[in-house]
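The structure that follows is given in the form of structure tokens.
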Amino acid sequence: MNAAMQAPELQVSAWLSTIEPLSLAALRGKVVAVYAFQMLCPGCVSHGIPQAKQIRETFSADDVAVLGLHTVFEHHDVMNKAALEAFLHEYRVQFPVAIDQPSRTGPIPLTMQAYQLRGTPSLLLIDREGRLRQSHFGRAGDMAVGAEIGHLIAEPAPSSAACTDDACAIR
Amino acid sequence: MNAAMQAPELQVSAWLSTIEPLSLAALRGKVVAVYAFQMLCPGCVSHGIPQAKQIRETFSADDVAVLGLHTVFEHHDVMNKAALEAFLHEYRVQFPVAIDQPSRTGPIPLTMQAYQLRGTPSLLLIDREGRLRQSHFGRAGDMAVGAEIGHLIAEPAPSSAACTDDACAIR
Amino acid sequence: MNAAMQAPELQVSAWLSTIEPLSLAALRGKVVAVYAFQMLCPGCVSHGIPQAKQIRETFSADDVAVLGLHTVFEHHDVMNKAALEAFLHEYRVQFPVAIDQPSRTGPIPLTMQAYQLRGTPSLLLIDREGRLRQSHFGRAGDMAVGAEIGHLIAEPAPSSAACTDDACAIR
Amino acid sequence: MNAAMQAPELQVSAWLSTIEPLSLAALRGKVVAVYAFQMLCPGCVSHGIPQAKQIRETFSADDVAVLGLHTVFEHHDVMNKAALEAFLHEYRVQFPVAIDQPSRTGPIPLTMQAYQLRGTPSLLLIDREGRLRQSHFGRAGDMAVGAEIGHLIAEPAPSSAACTDDACAIR
């Protein structure tokens, strides 16, 4: 039993590059890599987004889901949805991207708050059981990230039916 | 006498990162490197802007002026002045940047038309006499760019007094 | 049960950077990364050796053993033991390195033959049970290598004794 | 008139990758880039040799001669001529390489002494008049090296004939 906390659900104002909205709950059973970024963050562009793409290319979509999370905490007026769409098009980002729900009371959006992120880029790794297992801020080495994901993949998936002695719940 | 054409003056809607507007005419006597870019152009961000910064660091400001030129020809609505200001701040671009004057009749701005640029990034090298000597589109090697600028620096500057048989004009 | 073959034991004429000779048998229980290289192989120097060093830095020595294997199959006269010692010193290679046993009948040394390597660099990954699980020739991506090793680490180690008080079982 | 000293002639025990021996005297009129290196020097392999190759590719052979100089000052026994030949073959070095003449009294070879080099890699730039204009130790930026060579190329070559109708002057 791993003591990691359950990953809070993403709070999203809009989804891009996906036909229908996604959720961590619906992805249960897969390892999930969530890449928090801002389009005008140099480190996100130079190594965060490329690493997210590389995760997508390295692992099977059956094992690993890759999600972008646009966590705007500065320059809100220019990092809007239309600008992000142009950015994703020009940078050929093809995995689903969620726009983190803005806060009504401050610059930090809600999912970013829930995960207590220190900035961008940040990489969150969530296991097949939906538990947050890693939260990297800044540059993370490709080999180390590969090792962590490889390790999470090797862990057994939860049984598809969650039954107790009394009942079976639809997961 | 080099047969290169006189470089057309820049047509600019606004200047950033400079106290007062600049012009090629006012920079006569120096080699001028003009880096045409768009803030959402991946190649501009990954190698164009870094190369422009490196030109600025490698050469003396007495010999070489470095100018950015924001030549927006797509996604006009999101690559506006406010977004560019945020971009220049985040990417720590400290040399002067001109916003190319939009055209009233099409997507290609006026300076970009005048220089017949093929896209971004493009590097224009202008000699001490104000003549266009190089126009690179895409990735240009650091050594080759260094060689071209080094060559232009070694050429004699125009004499500070321009005299004909009849008179001497203050330049 | 994984169908991978048992990794053949290394055939070694000399060991460098280790106090005593090593063997795959003695490393049973750990994941073993064997990096086959030649000191005058450009790809070995530019990415093979650096990747081997990175494996050493990324993983715990309790989980992963990293070994170099100098598999000379050309220029035998100049890639001798003294030259290799100078190379390891200059390139600060600090993990143990085995010199593959030369063949009496041809240029390909014996371990290289046993593993049917196509050239250098080659990366062999051996699991905790001593089975060969991966054999990469040429450049392998850091993330993919990290994932493979991370996966092998997550597999259960063999029980430390194959013997009980009563008997020893064939594994 | 530049005050730089005349570059001392190379002292060479053997030439490789050239049909006939070369000399700085015979190259007068061209800019000469001499890259001092050792085959087991990591910095030479990772950036010195690649930069020397790039100089060869960037500039015309009519303007710039590129020479390697194998200045062995350590591990003399294993960095011998046969090992160097294998190295040049594997690393596809195609410009001429001189082996610096060993000293009878110490580890530093004679040309390395004459130029007072601090180690390897070192890049020497010699102008069309045979004067030493730059001596870089360690990593030199591609753009800066390009600029220096571009500047030297732009300087006038010495007149091709030192002879008049009446006499030939010793230059």
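All chains are identified by letter, namely A, B, C and D, in their written order; residue positions are counted from 1 within each chain.
Everything below uses one rule, namely that a residue touches a chain if its C-beta (ideal position, glycine included) is under 8 Å from a C-beta of that chain, and two chains touch if they have at least 3 such contacts.
Given the structure is predicted, the values throughout are model-derived calculations rather than measurements.
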item: Graph distance between chain B and chain C, where chains that touch are linked; value: 2
item: Chain of greatest Cα-centre distance to chain D; value: A
item: Chain A and chain B, separation of their C-alpha mean positions in angstrom; value: 40
item: Interchain centroid distance [CA atoms averaged], chain A/chain C, Å; value: 36
item: Centroid distance [mean C-alpha coordinates] between chain D and chain A, Å; value: 53
item: For chain D, residues that touch 2 or more chains besides their own; value: none
item: Complete list of chain pairs which touch one another; value: A-B, A-C, B-D, C-D
item: Residues on chain A engaged by chain B in the complex (per definition of touch); value: 40-42, 45-46, 75, 77-80, 82-83, 86-87, 90-91
item: Interface residues, chain D side, partner chain B - complex; value: 51, 54-55, 58-59, 141-151, 153-155
